[in-house]
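By letter and in written order, the chains are A, B, C, D, E and F; residue numbering begins at 1 in each of them.
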Amino acid sequence: MSTVSRPDDPESDPRVKAVFDDIRETRGSDFVNELWAYLAFDPELLEQVWRDVKSVMAAPSALDPKTKEMIYIAVSIANSCSYCVHSHTAAARAKGMSDVEHADLLRVVSTAARTNALLNGLQVPIDAPFNKENS
Amino acid sequence: MSTVSRPDDPESDPRVKAVFDDIRETRGSDFVNELWAYLAFDPELLEQVWRDVKSVMAAPSALDPKTKEMIYIAVSIANSCSYCVHSHTAAARAKGMSDVEHADLLRVVSTAARTNALLNGLQVPIDAPFNKENS
Amino acid sequence: MSTVSRPDDPESDPRVKAVFDDIRETRGSDFVNELWAYLAFDPELLEQVWRDVKSVMAAPSALDPKTKEMIYIAVSIANSCSYCVHSHTAAARAKGMSDVEHADLLRVVSTAARTNALLNGLQVPIDAPFNKENS
Amino acid sequence: MSTVSRPDDPESDPRVKAVFDDIRETRGSDFVNELWAYLAFDPELLEQVWRDVKSVMAAPSALDPKTKEMIYIAVSIANSCSYCVHSHTAAARAKGMSDVEHADLLRVVSTAARTNALLNGLQVPIDAPFNKENS
Amino acid sequence: MSTVSRPDDPESDPRVKAVFDDIRETRGSDFVNELWAYLAFDPELLEQVWRDVKSVMAAPSALDPKTKEMIYIAVSIANSCSYCVHSHTAAARAKGMSDVEHADLLRVVSTAARTNALLNGLQVPIDAPFNKENS
Amino acid sequence: MSTVSRPDDPESDPRVKAVFDDIRETRGSDFVNELWAYLAFDPELLEQVWRDVKSVMAAPSALDPKTKEMIYIAVSIANSCSYCVHSHTAAARAKGMSDVEHADLLRVVSTAARTNALLNGLQVPIDAPFNKENS
């Protein structure tokens, strides 16, 4: 049940097909998850989102792919995005996250959420040494 | 400006001093950030929070200390906890996070926030293959 | 699956019926969505919520009805309220939001979420000219 | 530093003065916190917000005033509203919240935030007995 | 549909069985909700979460059990944790929350969310008397 | 007080200067707000963020510039991003938002936040007619 109409045959639109082909090639997999099919309701938005996600998550960068997926999960949990938690947990596992690492991730995320609430409740002034501009 | 009164001399209470000593020993540093001084308004809460944070963040576990701090930052950003973003960015740097890694972290966190909003807006049904119980 | 019991026949209660009649008249439609039937578990709460929503969303005001619904969607996305995203996307369409406007809304909302995360991570001090009191 | 201009002398507007007088009488105090002075930039919005807050927080209802303020704090922490955490912590203390109760509140709020994150990460299906409609 | 595999027979693991036995004894009920069965994918995480939840929610403390559950609901609503809203609404009812109290809780929570948004939009400076350190 | 070091003279880096020049030209103003100076700690991130914000907010699209800024404010309020609320309120005013429209925006945003909380608390099943795929 979605707020937009998923095109019946998204790849009949050449702009959409080009994005889907790039998703398959970039990920080395024939599986294209439903997000992209729904985004095809607006090919321009589809192109923008894939370009951004590809440049951040698929291009080599300072952090390794598994770590980036775990950070993505952490944010998705805090923002309560059910689809994103599912899709990026699957992605993190595909990139090597073990069950023990998953449990550790959940331990860190839930502890952070706990102290976030505590600090938002206490309203403690920020220590001067935390200011990067002092360093 | 806080919602609780910071004790003038927190370590005059032996329960508080024991926690502060353990913080210094665990972190190998004389610096105890202000969170702990404010939490000393209730020594039992102080003990519980330190015990939990220590067991998750200071004990060796599946994820390395720097990665855990970066995940902590990600959650703190999403929950808009200013103090936590500051303290854990400082901690991540102390554990080796470079400026380039910091920028990459911010890139991943902000991209995740973007697609979280997109998916919460689209309400796409979750792909069956994401169900771990199917695997 | 709800946390309250939906009354079997909400309009058998005259206070509830009065609200439902006003909803139908205000919206010019026989369709009353399920929120109101569930809220009927407490007629006073039902009356208060409808009174507030009606005064803000149905009464003429500075912003036009379609814009108000799109702002409502934006907030509901950020708060991850699935029901609200669905109901107000339907309402925005009923008030004239096109698919292209919907895509543009999602583009703005997701970009805002992205820079919100970035700024919450950077903790940049606020520029003095942004202070309305200076103007 | 605000996004609206606080009127220099808010009570020179009779609509504003009427609200301020009612705030003072309802609370039995001469202190009117700054929120209301800033809201006076739009007297209609001021009237609506005060009417709603008064009817929920000042009128006798099923929950006692101190409990209502503590629930208000809990929500304000989760939404990261610094002003609201400050003002409602002050209100809860004025209505009898002790330091020990404040610490217990923070303990419950932060534990809830922790398990909220855990469950949003696990995506556990909801147990049938939780459905109120089954009862 | 979950992100982890629920063990087929969680209590076949003695560490898990010990936690489940303690849940049943602590709650005086044979019903163990599914959260704990899913958490059994990592017995150490299961033990930690139960220990924390038990110490905060089951041990006698300054606030009474029903009030603590209502605060838990408030946080879970703000964090949009569907499972948590369901499970803690059931728990609050089991500890005596009436329908009228439930409606009052929802009234306070939703009013707080409203003014949280208002204040986050206005960015009103915090009144000096709210500073606990001034008192 | 920030988590990154603002370069003393950001425009001494030609990549940064190119972005700043484009910001000034795009906005038709010499004022470049501090976000961009701080982002200059990582020129690549600066380029990406400006490219995305420019393409969404400065390029003509289905929604008019003032409406887009008001939607941006709505999201920033819900995500509690103080800097973003300030900067986009200033931008909305620069694009024509009146005080009366600002008050109406705050009225809609805060009402949405209220019913978001209510629905997240009630967990009402979504009405079938809201499903765009049915239409």
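The rule is short, and it goes like this: a residue touches a chain if its C-beta (ideal position, glycine included) is under 8 Å from a C-beta of that chain, and two chains touch if they have at least 3 such contacts.
In this text, all values refer to a predicted model and were calculated from it rather than measured experimentally.
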item: Third chains touching both chain E and chain C; value: A, B, D, F
item: Smallest number of contact steps required from chain A to reach chain C; value: 1
item: Most distant chain from chain F, judged by the mean position of its C-alpha atoms; value: E
item: Pair exhibiting more inter-chain C-beta contacts, A-E or C-D; value: C-D
item: Same or different contact residues where chain D meets its copy chain A, judged by the half mark; value: same
item: Turn needed to bring chain B onto chain F - CA fit, degrees, nearest 5; value: 120
item: Remotest chain, chain A as reference, centres from CA atoms; value: D
item: Distance between chain centroids, defined by C-alpha means - chain B, chain E (Å); value: 20
item: Mean-CA-position distance for chain D and chain B (Å); value: 27
item: Multi-partner residues of chain E (at least 2 other chains); value: 1-4, 48-49, 52, 75, 77-82, 85-86, 89, 100, 103, 105-107, 109-118, 120-123, 126, 130-132
item: Chain contact topology (line, ring, star, complete or other); value: complete
item: Footprint of chain C on chain F - complex, ascending; value: 1-4, 31, 33-35, 38-39, 49, 52-53, 56-57, 61-63, 67-68, 70-72, 74-84, 86-90, 98, 100-101, 103-105, 107-109, 111-127, 129-132
item: Chain B residues within the chain F interface of the complex; value: 80, 85-86, 89, 99-100, 102-103, 106-107, 110, 113, 117
item: Residues of chain D that touch chain F when the two form their complex; value: 1, 3-4, 41-42, 44-45, 48-49, 75, 79-81
item: Chain E residues within the chain B interface of the complex; value: 1-6, 48, 52, 55, 126, 130-133, 135
item: In the complex, chain F residues that touch chain E; value: 73, 77-78, 80, 82, 85-86, 89, 105-106, 109-118, 120-123
